[in-house]
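Each of the two complexes below includes chain A, the first together with chain B, the second together with chain C.
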Partner chain A sequence: MFGYVVRRLLQLVPTFFGATLLAFLVIQLAPGDFVTRLELDPTQDRESIANLRQQLGLDQPLPVQYAKWLSGIFQGYLGLSLSYKTDVWSVIGQRILNSMVLVVLATLMIYLIAIPIGVYSAIHKYTWPDRIFTVLAFLGLAIPNFFFGLIMLFLAVWLNDLTDMRILPIGGMTNEFLHLGNMTRAAQWLFPFALVGTLVYGTLFWLRSRRGQTPTFGVWLGLVLFGVSSLLMLAPLLQGPGLPERLPYTESPLWARVTNVLWHAFPVVIVVGTSGLAGLMRVMRGQMLDVLSQDYIRTARAKGLSERVVIYKHALRNAVIPFIAGIGGLLPGLIGGAGLVEVVMAWPGITPALLEAISAIDVYVIMGLITITTVLLMVGNVISDLLLAWVDPRIRYS
Partner chain B sequence: MPNHSKANTSAQSRSFFQQAWVRFKRHPLARLGAAVLLVFYLGALFADFLAPYPEEKSFRDFSYAPPTQIFWRDENGRLTRPYVCASERRRNPETFKVEVITDCEKGRYPIYFFVEGEPYRFLGVIPSNLHLFGGPWLLEDKAKLFLWGADDFGRDIWGRIWFGARISLTIGIFAVALALIIGIFMGSLAGYYAGRPVTFSIGVLNPQFWRFIRANRPVDHLMALLGLLLLLGLVWAMGQGYQQYIRPDLQRVSTLALAGLGLVVGTALMGMLLYFLVWRSHLARALLWLLVWVGVAWLVWITVYGFLQTSRGLEAVLAGLVGAVLLAAIGYVLLWPRVEFDLDTIIMRTVEVLAAIPDLFLLIILSVLIPMEVPPAVRFVLVVTILSFVNWGGLARIIRSQVLQLREMEYAQAAQALGAGDARIVLRHVLPGTYTYLIVAVTLAIPGFILGESGLSFLGLGIQEPATSWGLMLSKAQATGITAFTERPWLLIPGVFILLAVLAYNFLGDGLRDALDPRTKV
Partner chain C sequence: MRKILFLGLLVLAGAALAQPKVFKGTEIGRQGGAYRITSISDPRTWNPFVARETSSTDIISLFLPYLTSYDPYTQAPEGRLAKSWEIRNNGLTVIFRLREGARWSDGRPITADDVIFSATVHADQRVNSNARSSFILDGQPIRWTKVDQYTVRADFPKPYAPALIQGWYIVPQHIFEPAYRAGVQQLQALWNLDTPPAQIVSGGPFKLESYVKGERVVLVRNPNYWGVDERNNPVAYLERYTVQIVPDLNAQLARFLAGDADTFAAANADQVAQVLERIRAGRLRAEIFPNVDVTLGTNFIVFNWNHKDPFKENLFRQVKFRRAMAHLMDKKSMIEVALGGLGQPQWSPISIPNKAFFTDDVPKYEFNPQRAQQLLAELGFRTKNRDGWLVNAQGRVLEFNLVTNQGNTVRERIAQIFRDEARKIGVKVEYRPIDFNELVRQLTSPAADGTREFDAILIGLTGGIEPAFSRNVWELDGSLHMWNLGVGGKRPAKVEAFEVLIDTLMKRGATTLDQAQRRQIYVQFQRVVAENLPIIYTVAPAYNPARLTRLGGMFPKEQINSIVGQAPYIETVFAKE
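Let's look at the complex of A and B:
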């Protein structure tokens, strides 16, 4: 096992060099560099342009520039952004974080929804709900996510016009001003319900554990959902009444900013996650059907186990194995797929940053964005491989 | 004879593809997908006939005009032949907005079917002026007929959808074909030579080196010399051809097609010369690999030298050390060991590298390489090239795994025992076994290419004006801000077409997979 881990990690090294070299070559092959645009400007004199080029290291041969960049990477320095005249990380760090918000939320959504639906479809094979889920899955796989994003925006504008309220956000990640008063009132109104829910599920949980039964998935889910939401509402309840009605985003308390970002993320995450959700739903259904036709399931049923135990204890645990590995396959799709949606829905993520950097030929920003996403992907793949090797005893690591 | 053939196709003795056809026909969704695709491709073929206006006809006054209202009842409320009314852009007296206002008092124009209209050339050759619908008033421009509204330049969206289908629907096929060629080549190389390393170079001082050189007849060396001369001549001729014929006339499609043909033929000829003449001679091979190693050493030298000039301290010391080690390693390789490469490892590592960068980002940075001022046809070809460059890895993986299995089959080994060459075994005995697998893989890959193209065009990096594609048309929906576009939902129609095309291909692929799976019974 240890040997396998080491080998898998060593394999990353040539891939990293290859991928960064490829990206670097492609970017440098594009006509012109950052300074070319200044040459067209008659007010700039030749000498200062040549100086600038030398200063930025753009006059060096390509392999030297690549080696320079690499040595910077090994020292944890991503290079200098040519258009912002500052460290690349300070330009792209926030952007990468913004995209990660989408990717993490979308992954959560996909797993939380795809597995139950897949299991349900497999158990109730060829019934009407299964057929509806199948059709929806086909649609979800086929719809171009930027088109879906446009439809979502369309829906948001239409809904907001219809109700004369801001129910769904229209693009962007934050508002300039946050309406703290509304948030506080909403929290005050919703808090009793969340508290009651938490208490009910907590009691259920307590009763079950006192009787020595393991709590079911539904109880866990309800407890976590209600508990987390009532905890989240504590902050506005305690702090909200003392604050003014409206505050600029930057001066608002953390809970208000998080709520605002989550509200903006909600439609974007749905759009980003749809195709992955549709795909995994189908995979889960197929896996579950495969497992359910195995001999040991028949044995389990024959010895008189309840259908619940057969499905959740014998079938689901085996059917879910490829899903754990699926995270690795999901990430590239999510990061790439989030790209077009980010552009459509004005989410300040990686892809809009990449497009800006490309139009400015800001080489090191482009390289930084591509390198970091590539490394994230590679690490994600390794983690899912290792998880799979750890979870599934049938896989040999030789 | 007819009787005989009928007896042959009875249920007992259907061929594999006949059985597959029967299975395919029983798949309702696959039939639906095939039907939708048939309609789309026919629509693309007959786009000139379906569209009332030519592709680039624009009416500046009618930008973002809504779908033209079609009336079925005359002024007395009786059913009549459908007609449209004259319309113009002016200020609405009630809302004070500038709108396209239809006014039936100014003229009613009946719509006729199969009428004469703007002349066009069907398939680029046959002159015609027949259109599906319209009327003489359309030519005289008395009234407009925008079935699905107009875009920002006041161009008919219904017509442009069919013109755009020509690009959106064929780009997937072309790209998949190119990716398939690369994928088959790389995949079968990797699969067939997996575990059998190819000698790349042998050190000069190694006794094996001299044995290797002497293993040839002198004639082979002469032939190699001839081959190298021919190669030089070919390169010179290609350069001359480019300078003389292609470069002066880069804007014409026929010239570009000629250039593409020349490039393909030239590359193929070069490959053949290299393989049949130069590669046979071990001396020439030794010279080639010496050249390669010296080139690598030169590259390392330049890099380290340039690097040392601009750095100091620990960085410089480390760089000097790395450079010295690399150069020493190259020197050692030139002198002593036998260097062997496993083609499988190299190709599969390359595929991994391509897969490591998110597809969209690779597409975006590659699309920057397309020069701005190229004619639409060249742009189309370059977009196809980019798409297939990014996506050949998946197909290569599939083919490699298949070839890896099939090369161990008894018939492949029998062919080898009979003395067949590697190329013949792969092409005649191994690859045909992968056909059914490939058909399904290709059908399911096409929608990915369609989505890739439309995404790229949506960002403005793929197909560009004046040509059109569905992705490009969809990008107009957001061109003037988010709030404005709820007033013109017809700009979203191209997205529906992308959705339908992708859906149809997915259905078709699913049906083909079930039909071509020999395990399912007829």
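Let's look at the complex of A and C:
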């Protein structure tokens, strides 16, 4: 096992060189460079164009440019952005974090909703709820993300008009000013409900565990949702009344900023997560059906095990194995951003920055992103393989 | 006692602003309020020596001063940090007097040293500032020297008409000089986006307050600013200026429709309709002015006179051929289909909004396929072959490729309309959109023997208010002399007579100081271009500005123009509520 891990890690080195070299060449294959756009500016003369090329090192031979970039990488320096004139990390760092907010929330949403629905659909195959989920899944898969994003924006405008309130944000990640007063009042109003919910589910949980039963998924979910909500509302309840009605975002307390970001993220996460959710739901259903028709399930049922145990202990555990292999793919996805939705809904994630870098041919910004993604992809694959060996006793690495 | 205090305050105010600039707004406004706009992309830097794109310079211009600019009402030169000027030596020398008492936001005075230092850095070849071309005239430097603490002098190698327009940004010497001494890289690293906004010193109407990457730039009023309104109240009126970064045009529209942005420029008829509908539904208190002007941008077709195929080179050099092509441009359809009905036909190189120099009295080769056919017949293309294409006596088919940059839907549609009309009379036009950078390469990089590979390109240039700044397009050795490009900064090998005339007119226009004479020169220039069509202009998109009615100090409809925008000065815009 140890030998396998070492071998896999060693393989990363040539893969890294190959991948980055290829990326570098592909970027250079595209016609023009960072300076090309300026050539159509009537106020620029030949001399300053040539000067600029020289200054940015774009006139040097490609091997030299690549070697220079690589020597920076070994010192942990991603290079200098041609258009921002600062190092690449300070251009993309914050944006990767912003994108991660979306991707993490969307991934959570996908897994938390898709797996239960998939299991439910498989167990209740061809019933009306299953058919409805199937239709919804196809819809979700069919709508392109960016278009759904636009629909969501106009939905937000329409909803806000209808209620004459700010129910949904019109794009963006934060507001310039935060209405702390509104947030505090909302928390005061909602807190009792959350508290009651927590108590109800807490009691259920306690009752079940006292009877020696494992709590159901619903109880878990209810307890977590209500419990976390009540905890989150403690901060505005305690701190809120003493604060001014309205403060600029940068001066607001952490809880207000987090709430504001989550509020903005809500419609975006729905848009980003829908297609993944729909896809995963179908895959889960298929997996589950596959497993449920296996002999050992029939054996388990024949033994007289309860249906719950058959489904959750025998079927589900086997059905989720393929998803473990997908976990490694999530890692590069985390920094890859949420795609065009970010552009459409003005989320300051990595996609708009990457698109700008590509259209401006800001080589090192593109290379920086590719490098980080490549490394994470490789590491993620190793992790997936190891996880697989761990959950599936049939797989052995030697 | 109170009176004395008041007088004392007056004296103090007088000392602080000895010679303020009076900003004549459209109305007297009130202090306070916020102004919120959207921008399609993030700024790249706060450093004016590094900035190259409008997303950066639009913000820098709010916090860094410049000597002079255009009067928004008359488009004549107007003093900003320079309170007055004097022209000597038959226009070879201009002496600018600065506003005494003007201060940076950190309290230091803005003096001739700041101006001279900034000029030195902008002119430094190693720095490669975007404004460097303002310091060179035909290869010779324009020299800037300090006369006294509040006077600077510019010496030009030859008389220069735009000499009074000095719009490069002036930086605080006490901040930039140590970095400049340490080296160009240190200078360029200064005032980048990670610099804390509090460290950015302002000499303009606003100062930087905060920047959240990908989200917004917030500027607040600079209390040390050297401007007042006509009643001597300090400007800017606005307390806060927010630029929201919204990278998608539809999302920008959504922000405006929701009342979250104060101004918006509708890109097409569809967006205009959406804004109008919302105003009519009573959901948005705003005004929109569709087609009130056209934008400065141009779209034109240029043929390659340096073609490696001698047949095509000869064809493209025929003025009859180019006129025939002009006759094939259905500008009415182009406006209807490509611009959604909002726009104007363009016939000559000076943009329509540029009232000081624009003339409509030029030869126009209007849409007329019969006339085009006739002209092509005069060139020998009289018969059609079996496939229906025009051929000459030697059997050569009249064909060429037309390319434009991919993704620009307006240009793509214009190109398609042109192709369809040309094909109707038997001209075999193959249209293909290609990558922008590839297009620039084909256009600007001739092979060693001076030939280029393209046939025809549909492209545009952003126009400006000063025709002399486009000399790289029109002078024979210019780097953007697109139709007939020389190699290595030299004149093209084979030059037509009218090109020499254009070159002469451009040079004369740039060195003539009398405004009326200048206009005459540029009117003639437009006529020569329109008649000989080295560049065949198509249509100019409309300028459709919209704004919330909560804003005051804005232009009435008749005065709105795409050069200045919706308000004469940002200093005199205010929030009514």
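One rule holds in what follows: the second predicted complex is superposed on the first by the 354 of 398 C-alpha atoms of A that agree within 3 Å, B and C clash if a C-alpha of one lies under 4 Å from a C-alpha of the other, contacts with A are read in each partner's own complex, and residues count from 1 in each chain.
In the analysis below, contacts are C-beta pairs under 8 Å (C-beta built on N, C-alpha and C of every residue); 3 or more make two chains touch, one makes a residue touch a chain.
Everything quoted here is computed from the prediction, not taken from an experiment.
Once the two complexes are laid over each other on the shared chain, residue contacts for A:Leu52 go to chain C alone; chain B is not touched. In the superposition on chain A, contact is made by A:Gly18 with chain B only, not with chain C.
In the superposition on chain A, contact of A:Val283 is made with neither chain B nor chain C.
Of the two partner chains, chain B and chain C are each touched by A:Gly171. In the superposition on chain A, A:Met378 makes contact with chain B only, not with chain C. With both structures placed on the common chain, the touch criterion links A:Ala235 to neither chain B nor chain C.
By the touch criterion defined above, A:Val344 reaches both chain B and chain C.
Once chain A of one complex is fitted onto chain A of the other, the partner contacts of A:Arg95 are limited to chain C, with no touch recorded for chain B.
Of the two partner chains, chain B is the only one touched by A:Val64; chain C is not. Touching of chain A by both chain B and chain C, each in its own complex, is seen for residues 30-31, 150, 153-154, 157, 161, 170-171, 343-344, 346, 355.
Within the complex, the chain A residues that touch chain B are 14-16, 18-19, 22-23, 26-27, 29-31, 57, 60-61, 63-64, 66-68, 71, 75, 138-139, 141-144, 146-147, 150-151, 153-154, 157-158, 161, 170-171, 332, 335-337, 339-340, 343-344, 346, 351, 354-355, 358, 366, 369-370, 373-374, 377-378. Across the interface of their complex, chain A is touched by residues 299, 302-304, 306-307, 310-311, 315, 318-319, 349-350, 352-362, 364-366, 368-369, 371, 447, 451, 454-455, 458-459, 471, 474, 477-478, 482-483, 485-486, 489, 492, 495, 498-499, 502-503, 506-507 of chain B.
Those residues of chain A that touch chain C in the complex are listed here as 30-33, 36-46, 48-49, 51-52, 55, 83-86, 90, 94-95, 98, 150, 153-154, 156-157, 160-161, 170-174, 176, 248-250, 343-349, 352-353, 355-356, 361.
Listing the residues of chain C that touch chain A in their complex gives 36, 41-42, 44-45, 47, 50, 52-53, 125-126, 128, 132-133, 136, 188-189, 192-194, 210, 212-216, 218, 242, 244-248, 250-251, 254-255, 257-258, 260, 283, 435-438, 440-441, 443-444, 459, 461-462, 464, 469-473, 479-480, 489.
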